[in-house]
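Have a look at these structures, which come just after this line.
One chain, chain A, appears in both complexes that follow, with chain B as partner in the first and chain C in the second.
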Partner chain A sequence: MVGFLARHEWKLLTASAVMRLVLIVFFLVIGAATLLGTARAARERQTYDVFQQRAAQQRAQPLSLRADVVANEKGWLAVVPPAPLAALAVGQSDVYPSYLRITARNLDALVTGDQIEHPLAVASGHLDLAFVVLFLYPLLIFAVSFDLTATERDRGTLRMVLAQPVSLREVVAGKMIARVVLLAIPIAVIPVVIGSVWFATAEFVVWTVAVLVYGLIWHGLALIVNARGWSAPANALVLAGVWLMFAIVGPATINLLIAVRYPMPSRVEAAVQARAATQDATLQGSRQLGQFLQDHPTSANVGRDGMRQFALLQARRDQQVADRLQRVEAAFDAQLERQQRLAGWLSVLSPTMVMQDVLLDVAGTSANRFEHFRAAAEAFQHEWQQYFEPRVLDAATLTPGDIAAAPVLAYSPEPATAILMRTALPIAGMLIVGLLLLLSGFKVYERYSL
Partner chain B sequence: MIEALRLSKHFNGVPAVDALDLTIKPGEVFCLLGANGAGKTTTINLFLNFIAPTSGEARISRLSVVDHPVETKKRLAYIPEQVMLYRNLTGLENLRFFSRLAGAAADSDQELLGVLAQAGLPEAHARHRVGTYSKGMRQKVGVAITIAKKAEALLLDEPTSGLDPKAANDFSILVSDLARRGVAILMATHDLFRAKETGHRVGIMKHGRLVQVADTETLSHTDLEQIYLRHMHD
Partner chain C sequence: MSGGGSAALAIAAKDATETWRDGRFRWAAGLLFVLLVAAIAGGVQYQRDVARQHADAQRAERDAWLDKGDMNPHAAAHYGAFVFKPVQPLSAIEPGLDPFLGVFVFLEAHKQQLARHRPIEDASPTRRLGLLTPATAALVLLPLLVISLTFSTFAGERDQGTLRPLLALGVSRGSLLAGKALGALLPLVLIITPATLVAAVLLYLSAPADPGAPIGARAFGLLAVYVVHAMIWTGLGLAISARARSQATALVVLLALWFANAFVMPPVAMAIAKTITPSPSAIEFAAAIEDEKDTWPNWDQRVDEVMQRFLDGEFESTFTPANVEVVALVESEAAETALYDRHFQSLFDRYERQGRTYEHASIVAPTVAARMLSMALAGTDAAHDRVFAAAAATYRTQMLTTLNSELSQSGRLNTFDYVRGRDLWEQVPPFDYDVPAAGWALGERWWSIAVLVAWLAGVSAAAAWSVASMRLE
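Here is the complex of A and B:
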């Protein structure tokens, strides 16, 4: 019976010209977001491939064999590979650097600002499927669900239906199923069709499950509001408020609370501080180097020992820079960690915040992926430094064998299972909340007055 | 058969229906008369199980509507003052939906168009959207639902209110026809003329109580009007 009622409801929904228009716009937005994301991901992959090719060529045919040039001036460019579902969510990829220049001196993490996108683009955000899912999908759920039974009750159609051998619970269940399917199908299917095999992955399955579960929460909220028995306009007003509260005002308030509790400079400010620290240390080091150059006005009288002395001075200067940078970064990272911990607790108050973390994690554009990459790059930098530092201090000229024996960064992103394990808990939490809301909605409907 | 056994419904302690005892046999049309707020619609709501009785029992075909909500609704049809159907669907599509909901056997276009024709709605109209229908045409779809589901009991709530005399007369003929098929009919109405013409018995309800029941065969239109007005003035 519920299946029959759901099919009937589907017919009514799709027969409405306004509903058809709304759905077409929704389909177009999903399609556009997926297409834009697919194009962006393709560009990222292309860039990554070019980087890899150039790096391989450089290793095969180095332009210089001087240790300090190979270790520091050329260094190693560690590039984070494109995430499997990067097309679906920009996430943190426009804030975190997608490559890090590794030298024997340090890891240019915060100061690598040249690759960060234009601030206006970052501030206004991108149209991606994650945005559609997080903000437009709930809005559309409310748009199609604000009048589950109110108008039918007010007009008397509901009395005609309930005079047949069917319960109000079955009628409402049929209406809900039609709406859940009507909106879930495009959001799950269009990306597959447009993105084709790109998304035939375990991550995409988890993405889709997360989207459906997230939808359940909003459908549940809509059900509860409908069950209160208010008029359709009143339902619309209340649901608009609910959307504003959970999707916009709630997350903004939480961010404000976090910022007040743990104020910290922005990433850009941290980069500026890091640059200032670098400049101070460089200036200090430069004075020493200047003195050295005054003492050795021509390269002819430097000699191998002089070169070693020069390298030592440089190394000292680099160490000072690294120490200053580490302090700035450590302070930034510690505060960031405190913020993230608090955000983790407070985000349970907003399904949008929980879902955002899940989507970005599954898409591979969350801070987690970049932190994982950064940790791997740091470990590699130590290897690189250990290998090259003695050779740089010795002012050595490398042999092709030395270069071939140099450490190589073979970065493996976090395994999918680790991401899936991490997202399982929030998805399960959202599922429980969604089911509880739906059950509560049906419970409240038991007191629905005709 | 439609039965009320000491059926009562109180709202905040105030009786809307008070110890109603009533039996309507198959083929009988019982017209419930009374002023606004007398308890007519509450009585119908009790038979539809839309509200729970405070005490007593409402029965359709000897089954309690509270204990057997699905079984009783299979046997029951309901036509309110405004038959509100799905405006975007045709009369035929509406009938198919309601008859399937009721588990009726008739399902093909041919069968359903035949049922609509019996209710007085020709095929040309049956294929139009209900949004274009007059009130009388929607009433006919309501009658068609009753025929399609082979209802044993029919509840009518002010069915001729707002209909022009011709449409009201047509509707009365349809109701009489349903009664001849053996349907037990309870009709709540203000229309004394239709009550006398269509009903076999009339009952006057006041403050939730059935204060008088009379056989229409023994009454003239004037008698019925005088009885009604006397109760209203008491």
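Here is the complex of A and C:
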């Protein structure tokens, strides 16, 4: 019976001119977002390929065979590979490092190349599928369901329908099912059609499940508002307010609360502390190095012994500075982690914030994927340093064979299961909230006055 | 005229009173007011904390520079200097691009860097969903209240059949529009005025003892932008309410326009701007600089080449061979500075063109123009950042010139043994950055001003035309 009602409702929905307009706009926006995202991801992929090739060429034909030039001045360029679902959500990929330069030094072992983009572009956000899912999808859920039964009740047709052997619960369930399916299909299908590359990957399955679960929350909210028995315009106004509070004002207010109550540790203060902590070691080391040697060792006037001595002094100084720097950085990182944990708890209050975290994690444009890459790069740095440090200290000239035998970074991205493990809890949480909302919606509908 | 005027005032008074008595409006307005005050208080506190951090850091950095002991002037150039971006007082109202821009620059020999550590990098991704700031409350939330005040103005009276009797009383359509417009604006004044007072008092209390630049003109400009923006939405609401088939249609159309203005246009405009003027990614930018450096002679070759010029008699006779290295250093430093300047200028030029395209898109989205002006007046936009970056680059050149010329004038045989102390470090003045005047900021954003004025005129005309030609039932 519910199936029949849902099919009937489907016909009514798809026959309505207004609904068609709403759906066409929805299709267009999803399409545009997917195209923009795919183009962006293609560009990223292309840049990645170009620089992988370039790095391979430079290893085959190095500019210099001096060990410190190969190991430190050029180093290893580790480009962060684009994530498989990067086309779906730009996330933080416009500010996080897009590459790391790895050297054999103790200091500046990993130099991050933060992504650069017009600050206005970062501030404006991106029209990607994540944006559509987070903001537009809930709005459209409300747009198609603000008048589940109000107008039919006011016209008296609902009473006639209920004269048939169906219950109000079944009628409402049929209407809900038709609406859930109607909106879920384009948002799940269009990205696959336009960017068919990532169809059926595990990540995409998680993405789709998360989207459907997120939708349930908003359908549930719509159901509860409808069940209150107000008129259709009143429902529309209340739902607009609900959307505004949960999707826009809520996250913005929570972010304000976080900024004021749990401010991020100051990078500025950390920079001053790092300067103070390393000052002695830097100055002492510099004096030992000799003023000229520190910056401009010319092979002509110091000879190889001089070069060796210089390299050793420099390595010792770098070690001392790096040790002190590490303490400051570790303190900063611990403080930042504490702040993010507290901030994370507050964001549970908004489904949009929870969902945003999940989507970026699945798309591979959140901190997690980058941290994973960084850990791999750090492990590789140790290999690189172990291989090159003795040769640098020896002021050696390398042979092409030495360079060919140097370690190579082989990065395999995080397995999908790791992402699944991280996102399972928030998705399950959203599912429970969504189901509870739907259940209470039906519960309230029991007292619906015809 | 006076008859029309008094009718308009009567309508305005009646509408404003009704609005004020409406429980829903009081809730919405009350909530908006609370959010606005919370945003102002939060913004002022945050701004004060960050401003203090930056000022303290700049002082500590200056002390470290002066107390770093005796060393070779070129070693001092490698020691370098941190320059922290001064925080603008009005960033409490409109943080603008501050969270998306680096907070300090490290100035050193041989290299130039972009400002580092954008706060957004350290924030959790949910921060990207937006922050409640007074500017956001004024430009995004206030229009919603305006919409709720205006969507039913004419459409509602028509739906209820009271529009025709009202005009039958002899009220002209012009007075009707004036009355309705005033009736919608009066409740807004009741929110904007106390919020402005709160902001003014908090900003005054948190102002540093020694303000870098007077902010009165800029603050007044901000208020004007927010008021004009609210007036544009009022006109839009009235025009659409007069034309719409029903009040429900008017509401839906206005909400769609609001959503497009606040959330869809900014990313779309930027996507267009980036298509027209592509900008390099971080790795492309870095590689372009590195590739050019790779074609340069290395240090030994540079010294040999200067030595050859010395032997050819290019320099004065007092010139000792040791100074050859100083000449090579000064020349390579000049070449490096030129290289970085060229690449940075090219990047900033591209960003500026992207920004202009983005701004041009505001012709269809007045909220975009208002936002551009808001950031410009608060001193938190890309144009101000570029001025700061230029000031930092100039300071770097100044610092290096002071240190290098000391080396070349030392007249010593072995220049790099040469050690100097505090008296030389004091010759490098502390970094001083003057925020450009408000007039400059407005001149940069003349397009946005024109767009806002044109929109205000346009919606006024549209409202007048819509009311003059509106159906009565």
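Assume the second predicted complex is superposed on the first by the 381 of 450 C-alpha atoms of A that agree within 3 Å, B and C clash if a C-alpha of one lies under 4 Å from a C-alpha of the other, contacts with A are read in each partner's own complex, and residues count from 1 in each chain.
The criterion applied here is as follows: contacts are C-beta pairs under 8 Å (C-beta built on N, C-alpha and C of every residue); 3 or more make two chains touch, one makes a residue touch a chain.
Model, not experiment: these values are computed from the prediction.
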First (chain B), second (chain C), both or neither touched by A:162: first
Partner chain in contact with A:96 - chain B first, chain C second, else both or neither: second
Chain A: partner with more touched residues, chain B or chain C: C
Touched partner set for A:8, first chain B, second chain C, both or neither: first
Partner chain in contact with A:352 - chain B first, chain C second, else both or neither: second
First, second, both or neither for A:251, with chain B first and chain C second: second
Chain B versus chain C as contact partner of A:335, first or second or both or neither: neither
Intersection of the chain A residues that touch chain B with those that touch chain C: none
Residue ranges of chain C in contact with chain A within the complex: 28, 35, 38-39, 42, 45-46, 49-50, 53-54, 56-57, 60-61, 64, 68-69, 71-72, 74-75, 78-79, 82, 84, 96-97, 99-101, 103-104, 109, 114, 116-133, 136, 140-141, 144, 247-248, 251-252, 255, 259, 263-264, 266-271, 273-274, 279-287, 294, 299-300, 303, 325, 329, 347, 351, 354-355, 358, 382, 385, 416-419
Contact set on chain A toward chain C in their complex: 29, 36, 44, 47, 51, 54, 63, 77, 79, 91-92, 95-99, 113-127, 131, 134-135, 139, 232-233, 236-237, 240-241, 244, 248-249, 251-260, 263-269, 271-272, 275-276, 279, 282-283, 286-287, 291-292, 294-296, 298-300, 336, 340, 343-344, 347, 352-353, 356-357, 360, 366-367
Footprint of chain B on chain A - complex, ascending: 1, 4-5, 8, 11-12, 15-16, 155-157, 159-167, 450
Chain A partner contacts - residues on chain B that touch it in the complex: 45, 48, 50, 69-71, 73-74, 76-78, 80, 82-86, 88-89, 97-98, 100-103, 142, 149, 155
